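First the structure, in the form of structure tokens, and then the observations on it.
Chain lettering (A, B, C and D) follows the sequence in which the chains are written, and residue indices restart at 1 in each chain.
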Amino acid sequence: MKPGTLSKALKSGAIWGFIVLELIFFSIAGEFLSLSDKAFMDWENMLLLLKQSAPIGIIAIGMTIVMVNGNIDLSVGATYAIAAIVLLDSMTWPIFAGLGDWVIPVSWLLALAVGTVLGAINGLIVWKTGVDAFIVTLGAMLGYRGIVFMFNGEQPTSHLNWTLVDFAEAEFLGLATASWFLLVVTVAIWFLMTKTVHGRNAYAIGDNREAAVNAGIRVGPHIMINFAIIGFLAALSAVVFYSESGSVNPNDGQLYELWVITAVVLGGTKITGGAGSVIGTFGGVIAIQLLRKGLGHIGADTSTVNLVIGLILIVVLILDRQLNVKGKEELKV
Amino acid sequence: DGHSVMKIGITQNNVGVDSYQTTYEKAFIAAAEGNDKIESVVLDAGGDVARQIAQMEDLIQQEVDAIIIWPTNGEAVIPAVRKAHQAGIPVIVTNSNIAEAGFDFVKSFSGPDNITQGARSAEIMCDKFKDVGIENEAQVVHITGQPGYTTAIERAKGFEDRLPEVCPNVTIVDTQPGDWNREKSQQVMEAFLVKYDDIDGVYAGDDNMGVGALNAAKAAGRDGIVFVGATNFAVGYEAMAAGEYWGSIYQSPVDDAEAALKTAMDVLSGKDVPFLNYFDTPKITQDNMGDYTKPVF
Amino acid sequence: MTDSVLRLEGIVKTFPGVRALDGVSFSVMPGEVHALMGENGAGKSTLMKVLGGIYQPDEGDIYMGDAKAVMAGPLEAKAKGIVFIHQELSLAEELSVAENIYLGELPRKSFGRVDWPRLADNTNTILQKLNVGFDAATRVGDLSIANQQMVEIARALTVDAKAVIFDEPTASLTDAEKSVLFDVIADLKADGVGIIYISHRMEEIFKITDRISVLRDGQYQGTVNTSESNEESVTQMMIGRKLDLSRNAAHHDLGDVALDVRGLSCGKLYRDISFEVRRGEVVGFYGLVGAGRTEIAETLFGLRDPSAGQILLNGEEVRITSPADAIARGISLVPEDRKGQGLVLGMNCRDNMTLPQVDDLKAGPFVAEGAEIAIFDQYRDRLDIRTPGWKQQAGNLSGGNQQKIVIGKWLSMHPNVLIVDEPTRGIDVGSKSEIHKLLRELAAQGYAVMVISSEMPEVLHVSDRIVAMYSGQIMRTFTSEEVTEDNLIQAISGITPGQAA
Amino acid sequence: MATVTKQQVGNVLAKQGILIAFVAFMIAFTIANPKFLTPDNILSVVRSSAILGVMALGVTFVVISGNLDLSVGSMMSFSTIVVLDLHDKIGPAMAILAMFAMTLALGAFIGFLVGYLKLNSLIVTLGMLSAIHGLTLTYSGGKNMDIADKEGTWFSVFGQGTALGIPVPILIFVALAAFLGLMLSKTPFGRKVYAVGGNGTAATFSGIRRARTVFLCYVMSAACVATAGLIQASRSLGSQNTVGQGLELEVLAAVILGGASLLGGSGTIFKTVIGVLILGFIQNGLLLIGLQFYVQFIVTWVIIILAVWLDIAAKRGKLWSPIA
């Protein structure tokens, strides 16, 4: 084993260690505090957890590639809402009236296309204007939300299609539809980031943009494609979720960006770009969902949940830092 | 069915965003703890539909006896409610109702009637205009709650539908959201005051925003404006007592919470409960405020 | 000259306030190593960036063969067969050596996948040629600066290059790696590649180049055949006057021991280090890459905690806990990495220079800007820093002038102990001899000076005594009388005197 | 000497791009609604921007030092609630002192985590956003806080008073901006903030105590938040738990509009003030024109990107980014 391999393994394993800690804690605390007769670590409950992780998880996987690329996307929540509106509303459009249930795939594609375009618009602005992605997407977070409201005023947009609901609630090999989507997306983006030229270039650009430019990598298109990917995934998340719930409030998806970024960073992705992994992000998503679910399980009230989630974030960060200290020889900067 | 203790789970909309919801949560917990036949699981969706649906699933998985839901979105939760229904768990909707498509899957709704509330606010305002004789010329501005919230939407609808029926010559000159937020509402009102030289009435989606608007008018030295709100808060009550604020709708979160819990207990013990279980939310104005105690929130 | 690989005609490039290139023309023949020389800030890097498509010239044309070539960007330049090895490292630290060498042109399989086996094979072939001690999968961030420079150099071998530009490739290399580099250059040359070679080291220029072109203040001064020229004449072309290269190390009396290090160790970085530096003395530290010299300096400057040993300042034992602490005790460190450690690139030159003493330069609660400007002016003149004014951002200065700002910053602190780590990296001959003179002068004024350098002539030139290090240990300490190039080389290669004899 | 070169024009644009953009907006709004530029309206906008503005002053320090602060909204709610609660319990003077002490303690805690423990500021302050909200809810029991005797307290002076015909919040904002502006641009501390944000390693190598500098920036930011909370509480004499919710992003938008780079090392107090005013006047202007609230969202989006874009385009001398 090469020196440093162990510490690297520990480092990338931090989030999994944390998940195990959470499981142990909530199982034990649940024995005393919960009124449920069912144990926290029930198999069914864990499958449910995977399913419930899907809405945030699918977006977080996309955020990983954007952040590795050295950017960030704060507008995903609004993109998610727009895609949901397109999905639900387009099913009622007269031009699709003759399609019957075939309207479903059409609406899906339409929603996904809209999400992709919204993402690509962010990417294009970042590319062409050179304005920092944080600012571009902070603006888009407002602007896209404005579009959501423009669409239907303050009213929710609803269309309950039971065929669709049944599909979304279906299970295949014991896993819910949403879980499948989460897993497939995770594997696909993992493949993209570790195996393809595009993925490796994304790392290079995030790590040292000037070096990437000097090496002749077309930085702009990479940025745009990655934003298009996260737009697509935000829309996919909406498609998966709203197929089941059938109605979208104009506020939906608010604060998703913060949860998503938290999951990505907990999963070990460097905020400044250049390093990070999809598998780590997956761990981060599970850790957050566990935390929310677990706190509900032991009956914490709203103020406690807020307090605890906030502090836990910080504690995880401290632990992560401790694991990464190279020892006393380290340069003190 | 042989239960000595009833396990009741509740998933609320967004506790902590305003004191109504927070007081509701406290009252609910207090009521549940005061009754040794009840064990409660209290969850908060934080305004997020996805989280609320996950909480419904959790409650089903934990096999509670009944679920109370304060929907974040009256339509989006229907499939989740159906799941509970299919699992044999009775569902009670509280505070704001779900859409009709889901009525088959719920046992009962308990809460205020927000459309009626909006309509009543319109009546309060119209009556006051008639009192001072400006019912044919009055100009009203409307400050709504957080965009997208069912309560905000329903109250706005009730008000805007009813006002032309009772005072056909009054015009609503402008509408902007105040996000259930006093400061935001104050800012909105400041701009209104600059923009319109003549404002006779302000309708705000709740008293918090109403008082924000009142503060703006006071600071600008504009009096003679009729302020009407909804969900009578302590600040609104005090402003009424001071003669600055005309009227509101009396709605107690404690009543709301207790009504929901009681409905759930009744359902579980097999009693007949009406499907729409509105609790009364009467008009309160400077004239009759003596009949009501000051709200606790 | 239609048989040239590359020809520049009348290139002009201006930056706000600076005319960096003023009508430069010259050409490179196939199989030729063409030196480009000039003082710091003469415009060499800028010219190369124009060639490499990073800057667009305001005026002038580039020809490849007979055809006019427009380098719209780095991609186009590369496509035309121009490889650019940058002065400043241009690497992605988190990625592997292989990915860095093939940055921008990873071999592909179907579906846009990276062809990892081919990448590893290609990389290992190149690495073998370069004879380096790391492999394709190593993370670049884990390499020393010298090895990172070798990764940069490896890029020259990846494509079918028509012309290769080396911008100060040897600035952080030691002799062993340098000779590898020269072999690489010889191979390229044999393949008919045209090579532009920028360096401030005369001995290299005369060893490997065929012709020399000189720039001064952005203007082309002319081209000479290396074989028909000598150091003196080239220097004169560069700086417009003759340079006095005589050794200026007149002996003076040494004072008390200012710095006394006893048995200092820091984990695996270095072990059992003992030496002393007297007032008025310059002690040179010489060794191979990774010998641990920088780490000793960092420890003395409070940036690392030693695991054992003592540090005595003026006879008194001290624990130095932070750079602030070190500065308060009169220690200054000119660090090795000017971009990362030496400068705040986005800050102006004046503020950079006075940064360590900003707390002491006060008029009331405010920074005394007048005093700051006075300090800046003083060291600008003394070190001959070329900048339009103190308001210029440090990042816009040429590499050598940036280094001078860092030196000025620490000289202006009037330290008791001055530690300089590779002080003349990237500095032109004229300024270099100025700096050497300055170091001697400072010693004469009673400073205790530690000079860490990987350039043997430099160490030999300025030091009263030389500490030879190998792999974290001191092998031998020489006085200037007893030292020779041979015994110094033996010492830093790990051969103890006994074995050598 | 009277001829103005293109380059000089470019330089002015680069330096004052944001100011020019500001003037352009003002003219456009005034044409749309003449009431926009009345003294009353201007005073009212500046007064209601003062709270956001005071917070943005502190965040400017944090951003220049290379960090972020997303917790200022929550923290502002906290200080507002605390001072209102204590007002009736221990009197206004003590209440203000106690509130400042508590808020500074929160700031110091964040400063400790980010400065001394070197934790990532985005995540730390995101965590604190949630944690402080929880703390506020626990403190207040979720209830609104109101001062009982609204007429009889001098406490209202900070939010409602006027001096020399100018509302006190504006005076506080202006005084604080002048004070902090001087501190940032003229004092050794300000210089260190720029150095730490520009290149933390080089700052350390120059003997600057980086951790302490970052720590102080957060304490400063907390002090500004406490001041904002004071103005807020005094202005309405009653408050909800969520009064500051969402302000963190508006504050950040203002600071960025002012041209501070999120990478640290650049930005000024003056430009932040302009950023604050732009946001305030946009909101107000759109209200006066009578556009729907969602149009505001969209316009703010466009303006943020345009302003920042023009700012950096002027600096680099090219409209389009050189990225390939």
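The criterion applied here is as follows: a contact is a pair of C-beta atoms (placed from the backbone, for glycine too) under 8 Å apart; a residue touches a chain by one contact, two chains touch by 3 or more.
Model, not experiment: these values are computed from the prediction.
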Contacts common to chain A and chain C (chain labels): D
Between chain A and chain B, the fewest steps along chains that touch one another: 1
Taking each chain's C-alpha mean as its centre, the one farthest from chain D: C
Pair sharing more residue contacts (C-beta pairs) when A-D is set against C-D: A-D
Centre-to-centre distance between chain D and chain A (centres being mean Cα positions), rounded to whole Å: 30
Between chain B and chain C, centroid-to-centroid distance (C-alpha), Å: 71
Distance between chain centroids, defined by C-alpha means - chain C, chain D (Å): 43
Centroid spacing, where centroids are CA-atom means, of chain B and chain D in whole angstrom: 33
Multi-chain contact residues (two or more partners), chain B: 15-16, 22, 25, 147, 177
Touching two or more other chains - residue numbers and ranges from chain C: 73-75, 303, 322
Per-residue overlap in chain D, given as positions that touch at least 2 other chains: 133, 137, 142, 201, 204-205, 293-294, 324
Pairwise touch network: line, ring, star, complete, or other: other
Contact pairs between chains, per stated definition: A-B, A-C, A-D, B-D, C-D
Chain A - residues contacting chain D, complex: 125, 127-132, 134-136, 138-150, 213, 218-220, 223, 258, 261-262, 265-266, 271, 302-314, 317-318, 321, 332-333
Partner chain A, residues of chain C touching it in the complex: 52, 54, 73-75, 77-79, 84, 86, 90-95, 99, 103-106, 108, 111-114, 142, 266-269, 298, 302-305, 307, 322
Touch list for chain D against partner chain C, complex: 7, 11, 182, 186-188, 191-192, 194-195, 198-199, 201-209, 265-266, 317, 324
Interfacial residue positions of chain B with respect to chain D in the complex: 15-19, 21-23, 25-26, 147, 174, 176-177, 180-183, 186-188, 190-192, 194-195, 208, 211-212, 215, 219-220, 233-235, 238, 296-297
Residues on chain D engaged by chain A in the complex (per definition of touch): 113, 117-120, 122-124, 126-135, 137-138, 142, 200-201, 204-205, 210, 249, 252-253, 256, 261-263, 292-298, 300-302, 304-305, 308-309, 312-313, 316, 320-324
